[in-house]
Amino acid sequence: MSSSFGQAFRATTFGESHGGGVGVVVDGCPPRLALSLEAIQFDLDRRRPGQSRLVTQRQEADEVEILSGVFEGRTLGSPIAMLVRNTDARPHAYDHLKDVYRPSHADYTTEAKYGLRNWQGGGRSSARETIGRVAAGAVARQLLREVAGVEVLAWVSSVHEIDAEVDVDAVTLDDVEATPTRCPDPDAAARIEAAIEETRRAGDSLGGVVTCVARRVPVGLGDPVFDKLDATLGGAMLSLPAAKGVEIGSGFAGTRMTGLSHNDPFVPGPDGRPRTSSNRSGGIQGGISNGEDVVLRVAFKPTGTISSEQKTVDRDNNAVTLAAKGRHDPCVLPRAVPLVEAMTLLVLADHWLRQRTVDVLPPLEG
Amino acid sequence: MSSSFGQAFRATTFGESHGGGVGVVVDGCPPRLALSLEAIQFDLDRRRPGQSRLVTQRQEADEVEILSGVFEGRTLGSPIAMLVRNTDARPHAYDHLKDVYRPSHADYTTEAKYGLRNWQGGGRSSARETIGRVAAGAVARQLLREVAGVEVLAWVSSVHEIDAEVDVDAVTLDDVEATPTRCPDPDAAARIEAAIEETRRAGDSLGGVVTCVARRVPVGLGDPVFDKLDATLGGAMLSLPAAKGVEIGSGFAGTRMTGLSHNDPFVPGPDGRPRTSSNRSGGIQGGISNGEDVVLRVAFKPTGTISSEQKTVDRDNNAVTLAAKGRHDPCVLPRAVPLVEAMTLLVLADHWLRQRTVDVLPPLEG
Amino acid sequence: MSSSFGQAFRATTFGESHGGGVGVVVDGCPPRLALSLEAIQFDLDRRRPGQSRLVTQRQEADEVEILSGVFEGRTLGSPIAMLVRNTDARPHAYDHLKDVYRPSHADYTTEAKYGLRNWQGGGRSSARETIGRVAAGAVARQLLREVAGVEVLAWVSSVHEIDAEVDVDAVTLDDVEATPTRCPDPDAAARIEAAIEETRRAGDSLGGVVTCVARRVPVGLGDPVFDKLDATLGGAMLSLPAAKGVEIGSGFAGTRMTGLSHNDPFVPGPDGRPRTSSNRSGGIQGGISNGEDVVLRVAFKPTGTISSEQKTVDRDNNAVTLAAKGRHDPCVLPRAVPLVEAMTLLVLADHWLRQRTVDVLPPLEG
Amino acid sequence: MSSSFGQAFRATTFGESHGGGVGVVVDGCPPRLALSLEAIQFDLDRRRPGQSRLVTQRQEADEVEILSGVFEGRTLGSPIAMLVRNTDARPHAYDHLKDVYRPSHADYTTEAKYGLRNWQGGGRSSARETIGRVAAGAVARQLLREVAGVEVLAWVSSVHEIDAEVDVDAVTLDDVEATPTRCPDPDAAARIEAAIEETRRAGDSLGGVVTCVARRVPVGLGDPVFDKLDATLGGAMLSLPAAKGVEIGSGFAGTRMTGLSHNDPFVPGPDGRPRTSSNRSGGIQGGISNGEDVVLRVAFKPTGTISSEQKTVDRDNNAVTLAAKGRHDPCVLPRAVPLVEAMTLLVLADHWLRQRTVDVLPPLEG
């Protein structure tokens, strides 16, 4: 199914950018978890439009309502349905897009696939769909913290040609949230902010890279074949709007090393289990977490919707020009950060629960 | 489930490197397809060890037997089970690995996850598991050719620091198979061959990048949310052994462009539907194929198993040194090519069938 | 997942009897279907409490809101989320049940499984959960009518020891809806009505049987192994509250016949395909529909919640007596009819779509 | 997928009655389980043809080979593939069935669904497919015994009009295996044996009922909505060849009782948790096991294939008569017993593992 993600911890999102609302049903969250609505809203607020001058100015409070699955502040083990109403939809702002396809956008492919589309916004491909993911991810975050102390943190590590310098081991949520760019390198952040503003004025857009780290991931998560931890993380990342690439650990740069320099040597760890003295594996070996930090990077292309004039075609296959009106992000990176975190959290919660069905019998002796 | 892939066209692999054999059950292949055993064997031969001096010298014929699902040369619509026996297993060649963890290999994580492992080879994480994928992919290839004329072709585009120049639009299977490197740029191929041989002698290993193109993919494949075509392709690629990164279309390089230069302009196509004059989207927009060639790149790290001495730990968490014996690939790239093709084929066959459940009702007028 | 049903046409329900509301997300409904909200509401009205004196007097309008997936009256191919608010919840009516387990109810097992429960009503095991099923089934009904002319009709065929005589081939929706019993045999209906009223006054409850027929089901639906059409129908029926048995065609009575008398002889059909001159198979042979009417029967036990005093235990394992207060059905049969139809519709829509991935290649000659 | 069953403990069967062989891939069995090949073979021997005069005389040793997933006698956590070769296939024995449809058999529907069929036997609908189920069930049996002491036992409780008297609480495997009928009531067994022999001579066939009990099932298995324990059990039973009905606990007979007489009173149990003083619920309430014995009954129709002459049609829709030749069971009941056990075991193993993902957080206080 296109709208469900995960096996044991399963999120099913629904909703278009225009219509009654968007939301998610989370099935499989264990019962008895004390669930904070505020923590869910906090993550949604990091995603919502209008949060700063750097993002789209659509004004949505994105206030979430929990419809089911929680009783007296605790999860019941039943599906947790969460709903966010669409309030600032301006369908007529899209009238000029009804019969024309925005380049490098989902307009044409949606219509080709389904034979119709809700042209009053991005429809199902709108970034508003990701509200459900963030809400579900915020539930996963609370579960993972409770059962394993896991922390997942993402940030903007580059925009266009501006690369940040970030200490992956030391960076904190406060560092990330210090500026509206969500780049924790203050110098790079300032340049990114200027670049985004300039680009918006120019009617253009920028892309960039988000880095994500998951700390205190238990050893043993992930399956060795199709559901490798890196495979599910990678698939999850590429399901985000505008994502065009993903790396685990050393990624593409690692292909230019040799085995001797690339391998992560094992060293005896203080608690009787092996650690590695480097982490080019990105915390995953053979598709299974090895107890080091999981580290990944996601490439987001420059936003497709821009206000400059572009060549395109209309629904009758005529060449036309288009200059998009309406509200859109000149750079998705600041708002992509909570999305990358959410998908990482969904993957980890799912694999953590699944490992409960593997680690069942007592250890062997010897 | 860790060992199944796909929804409508579903492959379930089984088998370890040592034991009775490896294989796959393909469920969901439509009936009435004329299935060529030779074509399946052809793809397996491209994957098998011992095929050239560049790869591991384990001698396996990898001859496939179809156990079920085919009658008088045609698929029955029932599961197609295929089995390849292990013949050249040398379990004692691994005795020295019984109690020690190879760096950047699955030894430690497998044991941490399962509490035991078949140390007589890579077990479930062995490259032999991919036999089932290639066999299933070869069935998918025949289906896709029959129903849509789809062609999937991959090749080695870089090894270590040697980059090939390849015309993505023109390259053919013959070009790829012209050398044991599977790099269709003859000059680069020669340098790659020399580099691999030298590396093997040095007890080291190399990584690289495989590029894959899928031609004549129909418009409309892929779902707009979690099962985007790029998300399922990306997850599939990262499920391959040693894969550390994946890019669709412009990938990471695209993040350094702006929207104006990155967007693919639509132009009126000759058959009444839009085409794009560039293909930075890699044939996928909004997670759905747009009718252009699907293009992706996969990063494979340098092989973890090397014969040079490395620092590591044993099962009792003692520091030891290890120089791997036995047969292994100094560079997985030549054998990774059919794997990348197989996973691409499995993804496309699955999405093609699933689109049959979407495109059901007659077109709307207007 | 416990809350999702179906593969290609997939319904995910959510909600408890007390809380924000109940609903469903339908994923996989093909695009371009003209969807009637009135038809969905019609089925919900047949299920809702308070519709007659025979059922629980909880007053719920059960008015459905479509949150997503529909644009200008047609399905978009995206998830159709539907929500019904809880309005007449009276949580304090259940105070006396907080620490005691109703016999033959889900109270104890829910608490044993989850370690807590929403005791303000039946929680997730409430009949209100079936609202989502009925809404989803009403979408399936419109799809099946459009693509194949399928009609699904159920009725009450017995209550307690009162057996109706019904002509399976001729009975109509009007016949069923003629009385609040939903028994289309007027004589039996009158006796059932009297029996239910008397039982309610006596503080007791009654069970019975619902029969369901699906007409114009195409040949070829269902898979020959685990997803036999009868297996998925049977599993679907037993997922309904209070269901304790299911029969396809001849059912248990057929075990007392011999093969010669039980087999359905094939006879040449007028359109060139075989028909059967009897239908003890209930329209399904080898798990696959054969083009005859699909016929099944579902046994519903007497309602567990009764107002007479019963022996039970409390949460501290003390013996206590309980006389349930609050509003409940003295006999679920009249309201079970739309539930049986809904599950039948969900199964058929799913198998119909799945058959689109089987019947792909052109017919063989000869 | 039609050929897979279960979520956490997943069996995928393959194979037709004629071809290389039949088998199963079991994915999700936890690692470190000591697995007895003899125990698997024991269950297969109870299923195999030729085991007594009462069943088909096809001679198959049905010797199972474990291809993968086991190392030094213990499960690895990887897929357990098991293969049984077809040896006594006599394809020419079916020549007379190539162009004619056996009444109440899968011949016609298979051909209608797939557009071709392996007419050399029952193909995928052959009872040989159930070999994979029994092998997988035997693995589940060993897991359930190890983790929870669960015992699953089935027997023939009626054939045609002969009803056995069996003490559900006391009956043992030895009682069941005492006669080739698998009816543990010696008097009924003798009459059943005579009836089957007589029926075979008459060219006719008989049906009957299998009863199954699962003892020491932990409280809390099963999900409250679509995956109720009774729903998954019921669907599993109806996926068996020739099954036409299933009852849990009181079943259809319970519909003729009232709530007061049908409800199972709770009484304080000796270990601090409630027990019931009767078991009309069949061990399941609200879809969740309540700690009492799970009891179910399955109706199997008289075998469709009989040697008496019957009316039918051929592939050209002409009326013909058919008297089946070849080897077939005059009554499937004796061989259905291990099948019912196998499906019950698969369901319970799956739900047991799934409950591991529910019961995660510490109990609440109070």
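Note that the chains are named A, B, C and D in the order they appear, and that numbering of residues resets to 1 at the start of each chain.
The rule is short, and it goes like this: a residue touches a chain if its C-beta (ideal position, glycine included) is under 8 Å from a C-beta of that chain, and two chains touch if they have at least 3 such contacts.
By chain, with names taken from UniProt: A, B, C, D = Chorismate synthase.
The structure displayed is predicted, hence computed values, not measured ones.
For chain D (Chorismate synthase), the chain with the farthest CA centroid is A. Chain B (Chorismate synthase) has its Cα centroid 26 Å from the Cα centroid of chain A (Chorismate synthase).
Rounded to whole angstrom units, the spacing between the C-alpha centres of chain B (Chorismate synthase) and chain C (Chorismate synthase) is 45. Rounded to a whole number, the gap between the C-alpha centres of chain A (Chorismate synthase) and chain C (Chorismate synthase) is 38 angstrom. Each of the following residues of chain D (Chorismate synthase) touches two or more other chains: 1-4, 7, 13, 28, 31-32, 74, 77-78, 113-116, 124, 224, 358-359, 361, 363-364. Taken as a contact graph, with one node per protein chain and an edge wherever two chains touch, the assembly is complete, since every chain touches every other chain.
If you check the complex, the residues on chain B (Chorismate synthase) that touch chain D (Chorismate synthase) are 1-4, 10, 12-16, 19-23, 25, 27-28, 31-32, 65-71, 74, 76-81, 83, 113-118, 123-124.
For chain C (Chorismate synthase) in complex with chain B (Chorismate synthase), the residues that touch the partner chain are 7-8, 28, 30-33, 74, 77-78, 146-147, 224, 353-354, 356-364.
By the touch rule above, chain C (Chorismate synthase) contacts chain D (Chorismate synthase) in their complex via residues 1-5, 7, 13, 101, 103-110, 112-116, 124-125, 129, 158, 160-161, 199, 203-209, 219-228, 230-239, 241, 243-252, 254-260, 262-269, 272-274, 276, 280-282, 284-291, 299-306, 308, 310-313, 317-319, 355, 358-359, 361, 363-364.
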